[in-house]
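We just call them A, B, C and D in the order they show up, numbering each chain from 1.
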Amino acid sequence: MAAEGGGNRGTVVLAYSGGLDTSTILVWLVEQGYKVIAYLANIGQEEDYDAVKAKALKFGAIKMVVPDLRKEFVNEFIWPAIQANAKYEDRYLLGTALARPLIARAMVQVAKDEGAQFVAHGATGKGNDQIRFELGAYALHPGIQVISPWRLPEFYQRFPGRNDLFEYAKKHGIPLPVTPKSPWSMDANLMHVSYESGVLEDPSKPGPPGVFTMTVDPEQAPDKPEVIQIDFEKGVPVCVTNQEDGTVKKDPLELFVYLNQLGGKHGIGRVDLVENRFIGMKSRGLYETPAGTILIEAHTDIEVFTMDRELRRIKRGLDINFSDQVYKGFWFSPECEFTRFCIAKSQDSVTGSVTLKLYKGATYILGRKSPYSLYNEELVSMNVQGDYEPIDAGGFIKINALRLQEYARLRSKESSQ
Amino acid sequence: MAAEGGGNRGTVVLAYSGGLDTSTILVWLVEQGYKVIAYLANIGQEEDYDAVKAKALKFGAIKMVVPDLRKEFVNEFIWPAIQANAKYEDRYLLGTALARPLIARAMVQVAKDEGAQFVAHGATGKGNDQIRFELGAYALHPGIQVISPWRLPEFYQRFPGRNDLFEYAKKHGIPLPVTPKSPWSMDANLMHVSYESGVLEDPSKPGPPGVFTMTVDPEQAPDKPEVIQIDFEKGVPVCVTNQEDGTVKKDPLELFVYLNQLGGKHGIGRVDLVENRFIGMKSRGLYETPAGTILIEAHTDIEVFTMDRELRRIKRGLDINFSDQVYKGFWFSPECEFTRFCIAKSQDSVTGSVTLKLYKGATYILGRKSPYSLYNEELVSMNVQGDYEPIDAGGFIKINALRLQEYARLRSKESSQ
Amino acid sequence: MAAEGGGNRGTVVLAYSGGLDTSTILVWLVEQGYKVIAYLANIGQEEDYDAVKAKALKFGAIKMVVPDLRKEFVNEFIWPAIQANAKYEDRYLLGTALARPLIARAMVQVAKDEGAQFVAHGATGKGNDQIRFELGAYALHPGIQVISPWRLPEFYQRFPGRNDLFEYAKKHGIPLPVTPKSPWSMDANLMHVSYESGVLEDPSKPGPPGVFTMTVDPEQAPDKPEVIQIDFEKGVPVCVTNQEDGTVKKDPLELFVYLNQLGGKHGIGRVDLVENRFIGMKSRGLYETPAGTILIEAHTDIEVFTMDRELRRIKRGLDINFSDQVYKGFWFSPECEFTRFCIAKSQDSVTGSVTLKLYKGATYILGRKSPYSLYNEELVSMNVQGDYEPIDAGGFIKINALRLQEYARLRSKESSQ
Amino acid sequence: MAAEGGGNRGTVVLAYSGGLDTSTILVWLVEQGYKVIAYLANIGQEEDYDAVKAKALKFGAIKMVVPDLRKEFVNEFIWPAIQANAKYEDRYLLGTALARPLIARAMVQVAKDEGAQFVAHGATGKGNDQIRFELGAYALHPGIQVISPWRLPEFYQRFPGRNDLFEYAKKHGIPLPVTPKSPWSMDANLMHVSYESGVLEDPSKPGPPGVFTMTVDPEQAPDKPEVIQIDFEKGVPVCVTNQEDGTVKKDPLELFVYLNQLGGKHGIGRVDLVENRFIGMKSRGLYETPAGTILIEAHTDIEVFTMDRELRRIKRGLDINFSDQVYKGFWFSPECEFTRFCIAKSQDSVTGSVTLKLYKGATYILGRKSPYSLYNEELVSMNVQGDYEPIDAGGFIKINALRLQEYARLRSKESSQ
């Protein structure tokens, strides 16, 4: 990878954001003799896509591709995560981790379409995203080669500090950020915004005021709660109804965006946590995932309501596998394909409606109903005997106790010796 | 149980609440020829213990025992549950399930001390509590015999409706409830209050206003949040500090009661859920667990912060085992003893402090610190390379991708055939 | 169930073996006023089915049904168990447990066809089979009623000892066993024979000579080994080829019977073990499962050869679930249906051939091949670098070590304080 | 690491076998400017340790250290593996994987004692051993630096073929192997010998005759079986008694060596398998583990006999974790320390004796006894009712069926719509 002059070293598809770092990488790749195709996936983040495109071409890209992946994101990535009640280490809803394989898939497609031998990205060498991105690329296109400049000594040793980057940028006409760099980094998409590094690296200090962007501070949220109903079919949300104003959303993307708005308005889905990166470090992050938070609460409720207890016990084990696989970047793997397949099957009966109240940072389940519930009001009733013989419970208990009694007898025999 | 007459059929320790049902049982047991020792465990519920005692003796008990188990409850049952972040089916914090084995243990002790051959209780034949109670009793005293009137045809067929109970009560001077029976049943202790049955049996309808007793409605909670710090040592809470007013609590029972007050004031810890009983039915319950909810959130945070990732993955599996064991009544079992032992060991490094904000029904983690954290601010920093070679990550990814590439190559070979 | 005289109490389908116990039950049921339909499933056991039928009719059955379930047994029950490498508690291949749900299914079908309200069986009250049988029946026909005489006091108290049974038999013309009862009980079907109770109840004593019936003593097995090849498609055995004499078997039932012969000849598949019954007791059993043993060894080999490592890790967890479900009688349950579905999916690539040697009680894998193996001879070769950069392994190791180094540093910091 | 001439680059402890490869590495390291301390662990392999030492010094090592680690190997590594019934992917008994952390520990100790900054080894870049070795070293000495020549381009590119190695050897007086290189590689220690690569890389071909060295071919084993008794205390073998000749072994190392002799004589413990390396490749190996195989069979038997069913279910999950951890080189990790701790605790009651027959490649359990068994001969007996009410089993079954009946009813409601 040592610099080689003007010769053509091949074509590279670069994940390009328009910012200082990836602009620098773009210019550097051209300098190294690559043809560069800039690529930016629209996964729901706020962006002036035309301006980014103009920049890419100005800095030497031969082309810029901007696919709109929002619907795929919701249907193929977010819905399976809701079905899995997916939380990494009990708390992180995987907003970034779910987007990476989708971005990688579309990028590899560009590489195939354009005959590019390389893909490149600006992820750092300490994070999870390099892994998710590259595992996705290798899995879908085993022969692809990855250029990760922040892991290449010839690149990162050239830019040991931000000032070196600034000088290079000035020299090559890359505009410097007009505002000072925000004191943390963020990653935004349709599902969430994450915040980490900078001042957030001290895990004992709360995130500074103003850090969040999708949600209001719960203390600023409306004093009046809102009640909504979410309908699920086979574990997938198919309709949201606002019981206050009658709004109804059925299109998956619209439904998800609407729940983001509602959740954002009520300050729902903020977390401050420390997590374990795949690379083995602990890192601190702030996340806000409004729609995802609401949906997982509602889905969990309808799932317990409609699914057999023992089936769910097994399914919950698969959920944990799924969350780990996604977090670590193994979406496109034999094990994750299998896990998704099994989880989807488990959702056959997860059909019904959940009613929730949204209020100042939290959601409250108010009730649920389903045509397929295993809940049997008569059977469980304290006032009706139903098709149930209380005496059977005595036998059930005695048989369950047998093992414990034997154990106790053995113990007392031991201790009396 | 057929024989009746006046003769002495032995001594029975009866779990006695002073209410209509257990008073009826008391009278009935005496009538059947048993000597009855009434027993009521103080596990933190509000109760006029003297009045209950007077009743018991009036209705024929030869004695009433009222042990104060609150400290044991916190130290031996609630703390292990916090260490296990224990939630049954992701949501129920096990407030009742944790108390039952303690109640059974003390009751069996009374039976041993008094030479009683029997224990009796007023739990219904459809619930979990009969199981928890009896498994505990059999495990600790394999030779004990259990009388469960609501499972005995000669008892429950005598009282097919509430009116039959009322008539029997009137005849034997048992006072009827002055207020009409509340339209649901509840179980209260230091850790939680649960509400179920009656109008709550319709899972689509929200709990009626006024159902909760430990917590205010979040909408009525103070507009001003409160910030507290909780210190843990080996996974056990050892100090709570209110950063607003400087209150400090260190005694386990006081600390827990104080967190209940704070949580209650801010409306924290309410849930409405459907769960799967051990007996195989789905049932709907409302729970409020203020201190428990706060503590599990804080404990989860400090645990992830201080515990190795892979150790925690194994430990979380044990947590799920623990929750199931407790829910089903297997506290005193070889497997639960083992699980508790292992979980306790996992907590060796779980020492540190968590800061949280309490506000209108929710808790928000603000930060955490620990002398033993594996969090390494320098290692994770985006601005410092530290003792970390970015190039290693490239090798890490390539090796992880190897398996995926082989799989992809095989697949494309298959599909090209 | 108290005796009632000649009136018609309904129709019962009785699992009838022709032996003393079920003949007695038959007569007793008729005596109690039931119409009895005798039922005997042919699941591959040696039996004079006509003689049994004649007996049933002689003792008062209105009909006898003898369905041949052997093909269903292999295709629908044994094959899934092979795919799951199913062993309960690491050792028991579930020969009886797999047959029970099939027997129950066909019996319930008879009950439906004949409009019978009851099913009855002669299983004892301490074993697993009553559970497997009845759970199957209730799951497939929730309204069915089960009569289990050995759990009915009015029945078992009438026959407290074998002599009482003999007297009753004599009185009703039921022939007594001509030979003394064998000093153990056995259960035979196509898959295995099991031996338990009687002299086998002392777990410290070896099974007496002559106990086994499907297999020769390994010490008596041929001195010359035999080599066979087994071909699998999606985890199911589809062909066995004897490399000595060229015999080829492809029909599922024939293939399985042939492997039983081969295994039996070479003394393969005997185990002596103690297991934990669902009921909570430990019991000692001897089993011989010749074909099953060979097939699970071969299947395990081809599975590891063709299946991705991480997928298999998840699949093995499901295997353990499956074995437990089957052992406990939950074949017809939501969780077992789900588990079988997922395991079957995992077998998509488990296609290929395994060569084994059979010799004096053991099987030895000699080699395996597959069109879909993930084994890559060039990649793994020590003599060829292939598409593999050794330096990547260094990065892989360093990143994996990061977590361990942090842990070591923390520890040494702690211990130096 | 670029060559530097004669200057001192520090001290390196080299894992030295005396063979061509590590001799070449030794000379090369000296050439590169390192002081080399040669190190060879005695873990039970056959070796002329003095000759190796002489070689090392001749080729430029400043010192040679040969610790005898055999007792530690048995007590601290093999015994925990027996307690865990440890098999990787159901079949590999981890003979090499268990030795690596021990070798690494002693080697790091040499590095600390001698003030060496480096450790080096001759493992290849495609295998597991580099990982196990280095993870151990980093975990125990986070600041250590590892030199792995077969992963260093400056080394391996210098020796692209065996001939280049031969020429270098000749030039430096390193004796070439007198016999042609055996057509596979092997790794031997007290616990096992493994064979892989070379002609064994074709997984469809059986291992050639004569490949095994610890065990005879089962076809050549004695025609007369031998019966032994193994006594365990808390899951650890404490005595072996040969019932044929009365030999008794109690010292751990002697006991293990004796079982190797017996197992070897009877051809026990050979396996031919394909496994998944940590690195992601499938590889084929032949292993022979005579004593380990016998001990795991015996230990499994006494464990099921003495351990509660539900406790063992949890423990078996930990066993699988343990096997994976050891295979991957994470012996010295927080998770493996924890797992070993928990497994050891689970063995509290695993005390008793197992009798086995050894015969032509296989072991046969004949019986077991224990002072602490939960096996209750009276309880399980078919002839004695004991303290067991058959009627209780009916209630047990009915309650277990409840869930299944509800499921069936829901389904039939669904299908009738």
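The rule is short, and it goes like this: a residue touches a chain if its C-beta (ideal position, glycine included) is under 8 Å from a C-beta of that chain, and two chains touch if they have at least 3 such contacts.
Quick caveat, the model's predicted, so the values are computed rather than measured.
**Student:** Treat touching chains as neighbours and tell me the shortest step distance from chain A to chain C.
**Tutor:** Graph distance in the chain contact network comes out at 1.
**Student:** State the pair with the higher C-beta contact count; candidates are B-D and A-B.
**Tutor:** Looking at contacts between chains, A-B has the larger number.
**Student:** Specify, for the interface formed by the sequence copies chain A and chain D, whether it is same or different in terms of residue numbers shared by both sides, with half as the dividing line.
**Tutor:** Mostly same residues: over half of the interface numbers shared.
**Student:** Round to the nearest whole Å and give the separation of the Cα centres of chain A and chain B.
**Tutor:** Here the centre of chain B sits 32 Å away from the centre of chain A.
**Student:** Would you kindly tell me how far, in whole Å, the mean C-alpha position of chain D lies from that of chain A?
**Tutor:** 40
**Student:** Calculate how many whole Å lie between the centre of chain B and the centre of chain D, each centre taken as the average of the chain's C-alpha atoms.
**Tutor:** 43
**Student:** List, in ascending order, every residue of chain D touching at least 2 other chains.
**Tutor:** 279-281, 308-310, 313, 330, 333-334, 373-374, 376, 379, 388, 391, 393-394, 396, 398-403, 406-407
**Student:** Which residues of chain C touch chain D in the complex?
**Tutor:** Residue positions touching the partner: 85, 89-91, 124-126, 130-131, 134-135, 138-142, 146, 148, 150-153, 156, 185, 197-198, 201-206, 218-219, 223, 225, 270-277, 279-284, 300-301, 304-305, 309, 312-313, 316, 320, 324, 329-330, 332-334, 355, 359-362, 364-369, 373-377, 379-383, 388, 390-391, 393-394, 396-398, 400-401, 403-405, 407-409.
**Student:** Under the stated contact criterion, what part of chain B meets chain D in this complex?
**Tutor:** Where chain B meets chain D, its residues are 279-281, 307-308, 310-311, 313-315, 317-318, 321, 330, 333-335, 338-339, 341-342, 345-346, 399-400, 402-403, 406.
**Student:** What does chain A use to touch chain D in their complex?
**Tutor:** So the residues of chain A in touch with chain D come to 308-310, 349, 372-374, 376, 379, 388-389, 391-396, 398-400, 402-403, 406-407, 410, 414.
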